[in-house]
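Data first, discussion second: the structure below is written as structure tokens.
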Amino acid sequence: MGATIARLAQRPNLWPWLLLAPLALYLAIFFLVPLADVAIMSVTEPKLSLANYERVLTGTLYQRVFFNTFLTAGLVTLACLLVGYPLAYLMNHSSQRTAMLILLLVTMSFWTSFLVRTYAWMVLLGNNGPVIGLLRAVGFETTPQLLFTRFSSTLAMVHILAPYMIMNIYSVMRKIDPVLIRSAESLGARGFSLFRHIYLPLTAPGIANGCVLVFVICLGFYVTPVLLGSPREQMIAGLIGTQIEEFLAFGMGSAMAMILLAVTLAILAIYHRRFGLDKLWG
Amino acid sequence: MTSYLQIDGVTKKFGDFTALEKVDLSVRKGEFVTFLGPSGSGKTTTLMIIAGFEKATHGDVLIEGRSISRLAPHERNIGIVFQNYALFPHKTAAENVYFPLQMRSIARSAGLRKAQEMLSLVGLEGMGGRYPKELSGGQQQRVALARALVFEPSLLLLDEPLGALDKNLREQMQIEIKRIQRTLGVTTIFVTHDQSEAMSMSDRIVVFEKGRIEQAATPLDIYHRPATRFVAGFVGESNLVPAEIKDAGGVAESAALGACDFEPAEPVSPGDNVTLLIRPEHIRLSRKPIEGRKNVSMHVDTIVNYGDNSLVIGRVGDLQMRVRVLGADVVIIKEGEDCCVSWLPESVYAIPAA
Amino acid sequence: MRMLGVVVVIFIAAPLLIVVPMSFSSARSLQFPPPGYWLGYYQAYFTDLTWLRPTWNSIVIATATMVLTMVLVVPATFALVRHRFAGKSIADLMMLMPLAVPHIVMAVGYYSFLGEYRLVHTHIGVVLAHTCLSVPIAFLVLSANLKGFDRTLERAAQSLGASPIKTFIHVTLPILRPGLVISALFAFVQSFDETVVAIFISGRNAETLPRKMFDSIRQEADPVIAVISTLLFAAVLLALLAPAGWKGIRSRLRARTPPTAITTGR
């Protein structure tokens, strides 16, 4: 009798596999196969060779686009950090009511379609918009072209991605025990040293999270750079789009997509080994 | 003794680790039995095996002679009150209590009426409409109790249900649980690591240690006649003195105390190794030896004052002794002084060596 | 620090707020402040089929995506959160992968993959693609909820006589409901807002609202976009404030009803 029970308990449990099977099958067909398609096209279109990669990696046009993409992603990440950290700090140090209002605003921004936010920046920075209007009112004779420049697309991307940074930093900052800060102060930490020795190390995971997230999203950003950026300073995603849509150059587009994917996954893999990928979006 | 619940050689292994080793126990109908032991001693595992949430590696559990080992938890008809009460947050108190009746296909109106009656029995009249989060800890506890009893279970299991309550509420609930249990006459197993709780509530206490039952006996026997050193040390405060039997009629000798009279409860023979148990509250403290008692001289190291009583910790030779004295008695002595401690032969119990 | 914070708040708020007056503007192209106010572009949006059809397409596609996502994700999440088995960590990672791949890469893949099966420019094609992208988000939300679920509640239900199935229906599901709703909502929004894949595969037939907006912004900056932006913005605000409002209403209702009336009345 006891032996039967023991044997039943040892039987491998099929339940998890049954529950997981539909989704696993679905992702295999509708996620992995399309991804494999991209990989295959990159070496078979128009004929079986590595020529596409060679052109992408050696052509000056492509090199410039890649460089531009990394530069923009780096700039956006840095700007998001400079914008996000003070705001998270402010939220953590203001009344609950103020913090709630700011959180509501950030959440609103996060949830508002980025097409809407991109459009808003077109209005703000347009030739008949309030920023140019303000510059004219102050007395500028000739106003600079703001729209369709690296400046406008970078600014809009900072605005669109800042909520990721803010929420990540705020969530770790909120968990810092105020007693810790008070005890650090009682031990003589003030101003910058308090920030350097207490805040910075304790919020580092949030900063890392926010930066990786913003950088990775920015690398593959399509919509905003295409709509707001300068056509002469394309980013990689935009160039892939052009290759596919305008030139029907599937091989070139796929090769670039694979390189973008490889870079993205490499960054995420490093993050995964350090912190675990599930933390990134959690 | 006719047994109602029978635990038969139950062993539980988690991989290489043996959580329970051949546990045997029988419980009478209507009995209130407490499983007492430190955490990890196997008391909760035994409870979970009775409830059906863990499967025994070997052995069997029977109720009224029928094995329940093959029944799923929901087929066992056993009421359980969990540590954190496990009230359904999306149901009102009354709906929580109605739930087991609902599962037994009892009509809603009749079931809710019965639930309200049960809530009245546990002292929650008119609270049926509240949600768990609108109730205090003690009230949640009562709802959980009502819910576990409303379907007239064959057995009631209580898994450290009072752990989350503060001291006053806890004592109040101890009395309350006992009252309800007597009213309904339900056979009850209560798990706790709190020995005073076990003492005050139980018909019988089962002491667990390292996956085995050390002793199963009435609270008074557990306290005054512990079967093992572990039981003596775990239940109440104790002075435990290794000694050797000199005379089967009741004389033992230890290095620190010399020859010491005791009243043997079980037959002993000279040369046996025993542990003498002397409860601190059975020891008297005086300036001079007292006639008719065993007297030894003690050097007082520390006096801890508890208000109504004090704990005096001192040394008799190499042996550390603890003495409980009422407030008035301790005035005569100060830390660092020597004094006389004494006890009666009937206050000494000899625990046989394992 | 405080000054800097105020500047950042303005930086975040300004673009969100500017679309509202723009939607009432009478200007034919981008101009701020607006020369005059009218409701003409609202009328234009609600009567113009070239805008209404993509809106409807988006609603249909997002709803279908939400349903399909939940059907796949709910059982899988139970398996991954509640069971230990060989290959679990790989499965965990696999669930998140669609979130790690840039949408432009997926867009290229779907363009070719769906083309082979004549699913480009169809609603089904977009739903199949969007479901992949919604899976990780729905999974993250639901698994966080499921991890926080106190399993003694299920044990309690079983000890009270509920079979595993009844336990699931009467205890697990109701307690998990908020998590399920939010998870489904995330799946819906992910599909409703998804732009890049839709640009490449939705075509004229299954054109989604984001695709239409993208084309429109790129070509002419139709002022109707401000109307849609305002409506979407209002929807988000409503969704964010609704739970708090609903709670307030419920507690007020319940305060007026004597507690005993509830237990016997329902």
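Going by the order they are written in, the chains are A, B and C; count residues from 1 in each one.
Operating definition for what follows: contacts are C-beta pairs under 8 Å (C-beta built on N, C-alpha and C of every residue); 3 or more make two chains touch, one makes a residue touch a chain.
As the structure is a computational prediction, the values presented were derived from the model and not from experiment.
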Review point. When the mean CA coordinate of each chain is compared with the mean CA coordinate of the whole protein, which chain is closest?
Key: C
Study note, to complete from the structure: In terms of mean CA position, the chain most removed from chain C is B
Check your understanding: How far is the middle of chain A from the middle of chain B, if each middle is the mean of its Cα atoms, in Å?
Key -> 58
Revision key, fill the gap. Averaging C-alpha coordinates per chain, one finds the centres of chain B and chain C separated by a number of Å equal to 55
**Study point:** Mean-CA-position distance for chain C and chain A (Å)
**Key:** 19
Practice item. At least two other chains touched by the same residue of chain C: list those residues. Key: none
Study note, to complete from the structure: So, in the complex, the side of chain C touching chain A is made of residues 1-2, 4-5, 8-9, 11-16, 18-19, 22, 27, 29-33, 71-73, 75-76, 78-80, 82-83, 85, 88, 91-114, 128-129, 131-132, 135-137, 140, 144, 189, 193, 195-196, 199-200, 210, 213-214, 217-218, 221, 225-226, 228-229, 232-233, 236-237, 239-240
Study note, to complete from the structure: In the complex, chain A touches chain C at residues 13, 15-20, 22-24, 26-27, 30-31, 33-38, 41, 83, 86-87, 89-90, 102, 104-109, 111-124, 126, 128-130, 133, 159, 162-163, 216, 219-220, 222-223, 226-227, 237, 240-241, 244-245, 250, 253-254, 257-258, 260-261, 264-265, 268, 272, 277-278, 281-282
Exercise for review: Within their complex, state which residues of chain C touch chain B.
Suggested key: 150, 152-153, 155-164, 166-167, 170-171, 174-175, 258-264
Review point. What part of chain B is in contact with chain C in the complex they form?
Key: 51-53, 72-74, 76-80, 82-84, 86-90, 92, 94-95, 99-100, 102-104, 109, 112, 116, 126-130, 147-148, 151
